[in-house]
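Here's the structure, in structure tokens; my notes come after.
Chains: A, B, C, D and E, in written order; residue numbering restarts at 1 for each.
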Amino acid sequence: MTILLAVFLLTMLVITAVAIVRTRDLFAAVMLLGIFSLLMAANFFVLDAADVALTEAAVGAGISTVLFLGALALTAARERESGDSRWLPLVVVVIMAATVVYATFDKPALGDPNAPVHQHVAPWYLSETPRLIDIPNVVTAVLGSYRGYDTLGEVFVVFTAGIAVLFLLGSGRPGELFSRPPDELSTGGLKHHLIPRVVGKLLIPFIILFGLYVQFHGEYGPGGGFQAGAIIAAGVILYALLEGETRALAALPESALKVMVIGGALLYTLVGVVCMLMGGNFLDYSVLSTNSVAGQQLGIILIEAGVGLAVTGVLLSIFHAFAARATA
Amino acid sequence: MTLTAQLPALQVVLPMLTAPLVAFLRLPQLSWLATTVASATAFGIAVLLTQAVLGTGTLDYAMGGWPAPYGIALAIDEFGALLLLIVTGASTIALLAGKASLDQQIESARQPLFYAGWLLALAGLSGIVMTGDAFNIFVFMEISSLAAYMLVAGGPDRRALTAVFKYLIMGTVGATFYLIGIGLVYMMTGTLNLADMEARIAEVADLKPILVAAGFITIGLALKAAVFPLHAWLPNAYTFAPHAVTVFLAACSTKVSLYVLLRFDFFVFQGNLERHDVQFAGFLLPLALLAILVGSLAAVFERNLKRLLAYSSIAQIGYILLGASCVSLLGLTAGIVHMFNHALAKGALFLAVACIGVRLSRLWVDDLAGLARQMPWTLAAFVAGGLSLIGIPGTAGFISKWYLISAALEQGLTGVLTIVVIVVSSLLAVVYIWRIVEVAYFGSRDAQSPPVSEAPLSLLLPTWFIVIANVYFGLVPALPVDLASAAARSLLGHLL
Amino acid sequence: MQLLGLYNYWVFVVLLMIGFYAVIAKSNLIKKLIGLSIFQAAVFLLYISMDKVEGGTAPIIQAGVPDQIYSNPLPQVLILTAIVVGISTMALGLAIVVRIKEAYGTIEEHEAAAMDSEA
Amino acid sequence: MSLFLDLGSWVLFGIGSLLLFIGALGVLRLPTLFTRMHAASLTESLGTIAVLTGIMLQAGLTLATMKLLAILLFLLLTSPTSSYALANAALLARNRDQTREQADRK
Amino acid sequence: MTGNWQILAAVLLPLLGAIGIAATGTRPNLRETVTLATAGALTLIVWSLLPAVLAGGRPTAELFRPLADLPIAFEVEPLGMLFAALASLLWIVNSVYSIGYMRGNQEKHQTRFYVCFAIALSAAMGIAFAGNLLTLFLFYEVLTLSTYPLVAHKGDAATVRQARVYIGILLATSIGLLLPAILWIYNATGTLQFTSGGILAGHIDGPALGLLLFLCVFGVGKAAVMPVHRWLPAAMVAPTPVSALLHAVAVVKAGVFTITKLIIYVFGIDYLFAEPSAGWLIYAAAFTVLAASIVALRQTNLKRLLAYSTIGQLSYVVLAAAILKPLAEVGAAVHIVAHAFGKITLFFAAGAIYTACKKTEIDQLRGIGRRMPWTMAAFTIGALSMVGVPPTAGFVSKWFILAGAFQSDNFVAIFTIILSTALNAAYFLPIVFRAWFREENVAPPSNHGEAPWPAVLALTITAFLTLAFFVGNQPVLDLELQLVRPQP
């Protein structure tokens, strides 16, 4: 039965992708991209990847659509035809497709349990986690502890994106982060749209609450720093859309954003450094407390908090950077 | 917890720790100072690591305390140590020299963010070089690329933006190709640790996904390393980036991607795919030869000084690949040594360009007319760097030319073609360096352009330090040659 | 199950190609970025379709159930990281597009190139 | 007792899917934007309630039911608001076009 | 930094001198004294090595060790000793002359001139004492680069174009041909050390040896063998002391010295003699001698005439070396000395004439003998030495080369020498005759007398040396005969 659902979702994916590429109206393309991410999230869920589905939905559908719309507001909304030939790209693409299809001939079939992927590293994770770290969600265990160095790199990718956008779209005036000071920003929001404001004001606290739930529920069910950061950021962005950026900046001022961005990145690195100081290797949480399993759990909670802080701070800074940029 | 045992982790953690601290500082001077100190300490650590590696061979460090295939393990061998020296050295020199030129090109309010980006690029590059995990390479490659896009986008000219956009698109496509490559290899071997992967790849070696994976990885990394047909992003990116950034990136960013390419092709695939060396040489040798010729020719006809040196960089990358595609101990040593020597030669040249850039706004070759009289020391440094690029004996360039030609001689008949190409491109290098020497020394400065004074001492001293390093490593190249030959021996472990 | 396996990879190939085509053929910078995100999304599909085990569920170990088959957690961790890398690159790309619009007045690559060639 | 619950959920599923089908048909067949939106909002409100209550009956008094209840409440709040926002935007856009047409015609 | 201190001093002293000259750039007199002091000290050091080498010793020294088994090392052997002694001696004379010339013509950039001069001499010393091919190649390139600013001294468009030809050909031949040859030798034999009797025996033979010889001979662009000679006339745009340096003291001599050294110490005389594929060298040298002499006939500019005569004379040395007989090798060495003395005198004379009355064309020189008797006397002695008339040095070297040729019945060599002697006479003697016995046809710009005294002093010294060498050539012969007799 699930085969039918999976095939349906995959076909919808392809249709949406083709629609995205063909449409000339960029606004429609961005909306379709949102739907594309949602379908992708559903697909991931069908393939038993709950954490990834949540991330794809929160980050892919939520934040990326907001960013694209922010950019579209500052640039043109319609694509002009370039007119140069279509054949060369098509030929290159077809050759590429042929090589990749050539690769899929003797690969293991989907889901067959004795594929090499399931023989080597994965069973160790599944069998050892209850003994070593003892948290139900193995994905968070691998993300936080076994491959914690990857996730540290990941936080710093987000951090780099944050400072890069601030560098490009920032104010260039000492002390101010965004290109227009808070008082000049739009205070209107959807002032005269009563219904969205009322419903929005009702929902925002629950969105933030759900974000915190996802943050701290990461060890037990799908969730974690990235997803929580995205959800909380989405909540605050909704507030900014409804009440105008000035109020949003009043709620979470520039200094708060700076602290969150720096705090998140530093928290993660300092946890690693503390582990070094206490005798283990970098990011070896078992030295954090007397009992190694408790140490691991403490470590994971701390770094997830660091990730959550950093991601929220960065996503909000990026949104404000785009929003505060004066429309030319 | 002995400090030396923790050094591998400290190498990456140090710049990572300072980046957030520097990002939102009020005083731009303080951010520059902090960045330079961090970069200098990173260079110090790199030197210590190199000594340790020369002493005891490969250094292993399990991240998070987890054993190799399950956790992420750092593995620093001679090849990695050499690259570490190049990356941290280039960053330190570019920062020391670049202060004056950066103060001109980047407004002071944005400088803290800029220097934070610089530190992240340094952390990313040194992270790639040390890690022994395939996916970890991808993550750090993304950190260094994003930071590099930011640094290049800092350039004053508006064309820096279109250049950096093309750089971003091609860089991301390259990284994603690499990701597909690792995915296919992971699908067939079930592991991401390079050493473990190399062990387990033997029994699935002849299956189709592995061959296509090798292709994807090679193309993806070739894109990141600006190997000949995929080099479109490099000339504009280096031309319109701020001068200090060009010094840093030109010296080490493409070489790190070449490091990953060589590590994958020789360490992982070499032992297992039986006709791999034929395929590798057959595919990359023509590309390398084309890169050398086209790069040198384009440089001869180029009028913008920085783009001229960028095209010459493409030719030099061709040299490194040429050495590697000889698939012999001497050839690999030549390629790896040339990574070091090219970093020195090109570093000196771009530092000299930075000195000129501080005084002149437009850097076209005919803008340099008669400049040698006003800026004698800068132009002397430029000529010295040029001589090292050509490969005059007594400079670092000569050592790599010496190894490259002797490696080609071992190839028998195809070797003769390689030698002809090397010689022709060296002569082309003579042509484009001498064109600049003639304009600078014998051209006449037209009347109405204002008199130009010599570059500030803070820029000149590091430039001349690198020039003297060029000559020193030309006469006593023991350090890079030992590291390179040990690296070549470890990479070719299976063939010997 | 066999059909779905192949279908999954075919969709991966098709999405990869659509994304790659958009990156190469389209001259609008935002359309290129959208193409890039489809291109990366396809790679995510490749990784995640590796982790499915027949009859397995998401790798969340409930204490009660003894011999439950779980899917492979590792590709999921990798893709978690890759998604956030994708979004970061997207954010930086969009910031550059905004700056290009301010500098050149257009976000069409061929128009910007034309303006440069005259200069 | 469980037979009765199963029967109830089956009935609710029947009603829900019927409503969803009618809604989809409406979106396809109806001419203008506003009529289509009317059909779409039909599926969002009633159809969802029926399907979700059916699942809740299946799940019985467990944590999952509470989560389903939260989803139901969330949908009930957001879908009408989004329909309103869409309609409002369409209305504003249409007025703007008309005023522009009148201005052109004058 | 180990080994015999004199050798290291000889190579590094001019560099110190160069720094000294650069430092004292602002005070001309102090700068001149530093130049002369360095030149004097260098000659003393180099000549102090003479007794050791005459006694058959081979002092060695080492500077750096860039490649594992290839140090930058020096080993003094008779040929190198001769070249070094010649170069250091003539540097003193040349410095004296250039002081007069530069002051006389108020040339600008004089500091740069003397600095590059000193560096060039240091490179010449390096080439002379080189113990292996790598060291020789290193100093060979330094010589090319340090003489470029000298050639492009005037700095106007024409000079720069000619300087481009100069640097282009020299760098192209050295990187293009010589470097691959060196690497081929290193790759085949595993060593680049100069050992008497050659190192190629058994490693490279048959047509490959001919090809390697081709690479070496045409790789050494400084020897100006015919197709790669274009740079020498192009270098005439330089001021005369530079041309004197290029022709007599350093650059050309280095080229020919390198080829002789390669033939003796890398290829080995007997090994090359037995190899038929190496026979082409004699024809190339002969062709160069004849063609250069014929072109010299039609030259109107005095300095270009001397340039082509030099190309011819140089190929004499290559011809002598190519005869591959011990006596001919000695003749080659002696000809290096003889041509040095003769040609530097001729160039000094040309420079003096230019300084005195700005005349450069041959037909302007009618009757100049009476105005500048000392200069023209020296010019005559130089010309006679070029032709090879008995009292001059030229005769001695041609005597030995002919002896070598007869020893191996090499008729090509004999015929070439005789014909070229006739051609030399044909283009030198008319100038001398017109200068003394014809009336002035062109009114001189000023009623000028001799050139400034340092110039005249220098050219009389070299003229005297040309004559003295005819008599006192015994020490040089003993030095060179060591090449022939096996090592004691």
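Going forward, contacts are C-beta pairs under 8 Å (C-beta built on N, C-alpha and C of every residue); 3 or more make two chains touch, one makes a residue touch a chain.
Given the structure is predicted, the values throughout are model-derived calculations rather than measurements.
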Set of chains whose contacts include both chain D and chain C: A
Pair joined by the larger number of C-beta contacts - B-C, A-B: A-B
Central subunit by CA centre of mass proxy: B
Remotest chain, chain D as reference, centres from CA atoms: E
Whole-Å gap separating chain A and chain C, where each centre is the average of the chain's CA atoms: 13
Chain B-chain E separation of Cα centroids, rounded to whole Å: 44
Whole-Å separation of chain centres (CA-atom averages), chain A against chain E: 75
Geometric centre distance via CA averages, chain D-chain B, whole Å: 58
Shared-contact residues (touching 2 or more other chains) in chain A: 100, 104, 107, 115, 117-118, 121-122, 125, 147, 150, 153-154, 157, 160-161, 164, 168
Residues within chain C bordering two or more other chains: 16, 20, 50, 74-75, 78, 81, 85, 88-89, 92, 96-97, 99, 109
Touching pairs - complete list by chain label: A-B, A-C, A-D, B-C, B-E
Contact set on chain D toward chain A in their complex: 74, 77-78, 81, 84-85, 88
In the complex with chain E, residue positions of chain B that touch it: 387, 390-394, 399, 401-402, 405-406, 409-410, 419, 423, 426-427, 430, 434, 438, 441-442, 474-477, 481
Chain B-touching residues of chain A, taken from the complex the two chains share: 99-100, 102-108, 115-122, 124-125, 128, 145-150, 152-154, 156-157, 159-161, 163-164, 166-168, 170-175, 258, 261-262, 265-266, 269-270, 272-273, 276-277, 279-286
Chain B residues touching chain A - in the complex, by the definition given at the top: 1, 6, 9, 13, 16-17, 19-21, 23-24, 26, 61-66, 69-72, 107-110, 113-114, 116-117, 120, 123, 127, 131, 133, 135-136, 139-140, 142-143, 146-147, 149-150, 153-154, 180, 184, 186-192, 200, 204, 207-209, 211-213, 215
Of all residues in chain B, those that touch chain C in their complex: 135, 138-139, 142, 146, 149-150, 153, 158-159, 161-162, 164-165, 168-169, 172-173, 176, 179-180, 183, 186-187, 192
